[in-house]
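Across the two complexes that follow, subunit A remains constant while its partner is subunit B and subsequently subunit C.
Up next is the complex of A and B:
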């Protein structure tokens, strides 16, 4: 089979479009990974003899089990909360579009514009009984001191709430978008067949956006694993020490910048890469998100439609 | 392809141009000095740069206290960029002296005999076990007893000279004047005000490889046993003095006394944004003595230091800056701070500078009586069992002690949590931890 005409141009076009991504991937992904691997065996205060023991030293660090417990505890609330509420909100937004829909969409995006750093301050103020806008509610529940709320063991819930509010809005809109991609013919057909709104949501819409949900789950999982900003800000700026080395990323930061152990920090980063990489591979190979075949099928069916 | 060639040519030209810029010979004949300070020291450092214009090329950079270690390690990688002289927290000297970091030079050989004499005992923190000095102490943060003279008169209290007398005041407040406070105990306050003056063995470096940490020592348990009932009765606050809740208590005029560092007056008790205690009420008394002791020791909370890099090309010029900050009238008394106050905000650890500072604080009408005498009496009484250590002993108060205090309000439990945390940290950084000397 001879190569079709314009193949070269198309190839060049593809490379041009890929180039910025490849460049960023190399500079901010692959290169740092290699640097991290090279960094691990270097001599540091914690690893005075150098060598690959750095991995062992990090895994045996007395803060590692606590960080593991915290991050897993946080994700146990955060990940399901994100998926269930986001999907529910997106489905509700999609039920019937009317003139209020665009305002609702706007309302969802507003909390998302509050970044993690600002969210910490917002929630600090909300839960500080001396200045809180919901003072009376807090007093009603017997909360007269911020110390009753801001305790290390409550952080799994508090950080889950903060992170949820700063991330949910974006995802609601993305999933709303994925619902919009469902062909109106299918929805019409389901309605004609007597589908109720609930049946439509659970039997028709959800299965059709399944891959987007898995995609979101993996990204939310990877993001949760790398939680840093919220606990770090709480720890350094609001309640000193409340979340010291609370998460893996914080521990890595602590190792590098407080104990001067860049090797240990690199080792921990490499360890953290493993679950995120597995997540990414699951999305690529176990879902049809990036499946060539579906894309080809879709194209040929598009052509057939024409 | 033509485009790529042109691009390559452009890159080449740029590269040549930038290398030409880099290789331009420096025209400066004066010694140059890169100084890193935190914001309270910034006005003084800028003043120094102005004074030295034409003699020393001084460059002042503001930097946060916490990031020095990381920056130095990065500078070590690229073998350039080290600041010549840095203001930092007191523990930095142990970390910076570590050969792997290697950024605190010995300064005994730079100091003149008279200058060493001028420090008296105030620079003992910087003296290594080899008898040489490795830093210049900027200020003493010795604990004193701050108290409200008006409330003392109203309630009929006399200034306590023994710890038992202070705790008796606490019991009386709980019984007759509920809501009134003797201070906040989280952060490093409990340490510098109570555990350290009581000689509770925490962070007692015995040698470069051994550290004594024992929260169950009688010198610690006498503190926790005395404080616990008063914490339970609300006389001592189990959180931070900087929390909005405690600031509110203090602003309502409920703070009777607070053992705190010498800088507490200017930074915590006085400012309108902080405790805002009105003019003409406060003063300081020497530390009350623990029963069975012969010295009323102080602890320290802060008390920063200047370290000089071994990479500094003009180490004596760097030292001159540190001495200017602690001993020169133009900084100690005259420099104008952003809040329009003048002079160094903290108790200078250098006798000539300290004398100048005395005049300034004595003339301050804010205090009912000058707190200087109490500060001076305690300055030489900081218990020297506590030494600079290579781990973050100060950060551990926030990381281990404060969370346990917030949770259980059990101060012995919180102290044990601190001891466990620092023992782990110390072992990780190459110390053998012992509970007995």
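Up next is the complex of A and C:
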């Protein structure tokens, strides 16, 4: 195609319109990555000789193994819980769509508004037998004092439950949406062939929404790795000392702001970034989630439908 | 077609009994999950209508009185000379700025990537996707180092600027524009002498209503309850947002922290609950009225409806 006249000026205008976003992307997205890398080898008290030993020093920090154990333990509950319960809920909602399911979906989204600091407050109340909205359940299990629940060794489950509730609602709705995208002809055909609801779910629906499950798994995993607010606030604001440098991000916060070791904190940030980056690249290049072709294909099917 | 349906009827009735029992369990579970989803929020919204003793003596989900909310608010204003008011204003102002800047920059970026043939288009798109899939807190420490270099620590601008980078929004806009506006439309408008800016103002912008709503919605829900990044960037109480303020209340009043000794300010559980409700309630309202937006936005680009 021949370039229209004034092509250069046009591109200049286009670049001007793109500039504010690109500025933000470069300054707050890409630059910090380089700054983190440059920060690592600086000489500090923790790393007196400077250099890339900072990575080794962080990995050998006495708090690192505990944080690793905590975060992996938490993720071992949180990630499967998210994927299994969310997908199961979405499949169940998809079985029968009646007038009630609309209200059910509204209910599921409610806990999504309780996250971070508010989640700490609400879960503190739920597990406080004197004021808990589930008092009778707590009493049934013989819990008369919140301290029976809030123990450092229970935090892997407790924080998994807290984060599960603040994230599940969103994903139930999203996966329900992805199930709705399966064409009715496929479902009908499978039914006519005598597929039971179970077979339909496991043999037809799940394989068809595979990429959305991978997408969710990557985001849930990357988010879990960076858990911070819940343990941090529990530790500083509710039960002092219960979760001191409990997670990686807390450790990195402490390195930076308590010991002034920004090199070590940056090294830890980079280490944590690697698995998330790999996950992101898998979603981008190994699924067709964000493929140009998928996007173009849908043009015909859902014009101004967004 | 009709014959196959008939022949499958037998099979269907055989599985009907089993499926009715199954449906009973499915429905019970769905309803149970809905109930446990609502209870925490119900408790939070009702807690500050009661007095502190009533919180433990009355039914946890009972309603106290409207006066309870007013009392709780008045008590909150005793804390640090009414700094709670500042937190509310800060939260509203910061978020308004973020929503506006993020929405505008992201929608323009999406438009340019979809409508132009500029160089590095692919690079911009891929870096946007990568940024979008990384957790926003992953870069908190290097961002602090950066903000420290430009002396923006404890300046609300740091929080506003960092949060205004909206790769998800840019990607969403790219999808939106490339699926709603056929490229031929731009070509013919160009031939008619439209400048690129006019392509945006005359063609793309008038068709952007739904998109801008979607962008503002996600920008708001993504930032309103944000904690970690503002926590690192801001340290004076008067610059705090509501979530930071709530965390500060936890650690400086004995309401839920037995480690803090008695203070002279009347901050107890109902007051703390009110501060929490001020954060959670606006997001809940947004979620309830924009449920469809949530699904469409998150699945944009790959879903055929």
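By definition in this document, the second predicted complex is superposed on the first by the 255 of 306 C-alpha atoms of A that agree within 3 Å, B and C clash if a C-alpha of one lies under 4 Å from a C-alpha of the other, contacts with A are read in each partner's own complex, and residues count from 1 in each chain.
As a working rule, a contact is a pair of C-beta atoms (placed from the backbone, for glycine too) under 8 Å apart; a residue touches a chain by one contact, two chains touch by 3 or more.
As the structure is a computational prediction, the values presented were derived from the model and not from experiment.
Undergrad: So, A:244: does it touch subunit B (first), subunit C (second), both, or neither?
TA: After superposing on A, A:244 lies in contact with subunit B but is clear of subunit C.
Undergrad: Which partner does A:278 reach: the first (subunit B), the second (subunit C), both, or neither?
TA: A:278 sits against neither subunit B nor subunit C.
Undergrad: So, does A:76 touch the first partner subunit B, the second partner subunit C, both, or neither?
TA: Neither partner.
Undergrad: Counting residues of subunit A touched by each partner, does subunit B or subunit C come out ahead?
TA: C
Undergrad: On the A-aligned overlay, A:45 touches which partner chain: subunit B = first, subunit C = second, or both, or neither?
TA: first
Undergrad: In the superposed arrangement, which partner chain does A:109 touch: subunit B (first), subunit C (second), both, or neither?
TA: A:109 sits against subunit C, while subunit B stays out of touch.
Undergrad: Let me test your reading of the model: by the given contact rule, A:260 touches which partner, first (subunit B), second (subunit C), both or neither?
TA: A:260 sits against subunit B, while subunit C stays out of touch.
Undergrad: Between subunit B (first) and subunit C (second), which, if any, makes contact with A:131: first, second, both or neither?
TA: After superposing on A, A:131 lies in contact with both subunit B and subunit C.
Undergrad: Considering only the touch criterion stated at the top, classify A:117 as touching first (subunit B), second (subunit C), both, or neither.
TA: The second partner, subunit C, only.
Undergrad: Go through subunit A and flag every residue that touches subunit B in one model and subunit C in the other.
TA: Common interface on subunit A, subunit B vs subunit C: 130-131, 239-240, 256-257, 262.
Undergrad: Write out the stretch or stretches of subunit A touching subunit C in their complex.
TA: Contact set of subunit A toward subunit C: 4, 10-11, 13-15, 17-18, 20-22, 24-25, 27-33, 35-36, 39, 89, 92-93, 95-96, 101, 103-118, 120-126, 130-135, 165, 169-170, 173-174, 176-178, 180-181, 191-194, 196-197, 211-212, 218-219, 222-223, 225-226, 228-229, 233, 236-240, 249, 252-253, 256-257, 262, 265-266, 268-269, 272-273, 276-277, 279-281, 283-284, 288-291, 294-299, 301-306.
Undergrad: Give the list of subunit C residues in touch with subunit A in this complex.
TA: 4-5, 8, 11-12, 15, 18-19, 22-23, 26, 29-31, 33-35, 37-44, 47, 55-56, 60-61, 101, 104-106, 108-109, 111-113, 115-118, 124, 126-131, 133-135, 137-146, 161-162, 164-167, 170-171, 175-176, 178-180, 182, 190-191, 195-197, 200, 207, 210-211, 214, 225-228, 232, 243-244, 246-247, 250-251, 256-257, 259, 269, 272-273, 276, 279-281, 283-284, 287-288, 291, 294-305
Undergrad: Taking the touch rule as given, give the residues of subunit B at its contact with subunit A in the complex, in rising order.
TA: Subunit B reaches subunit A through residues 66-67, 69-70, 73, 95, 98, 100-101, 187, 238-240, 243-245, 248, 390-392, 395, 397-403, 406-407, 424, 428-430.
Undergrad: So in the complex, the part of subunit A that touches subunit B is made up of which residues?
TA: My answer: residues 43-46, 48, 57, 61-63, 128-131, 145-147, 150-153, 235, 239-242, 244-245, 256-260, 262.
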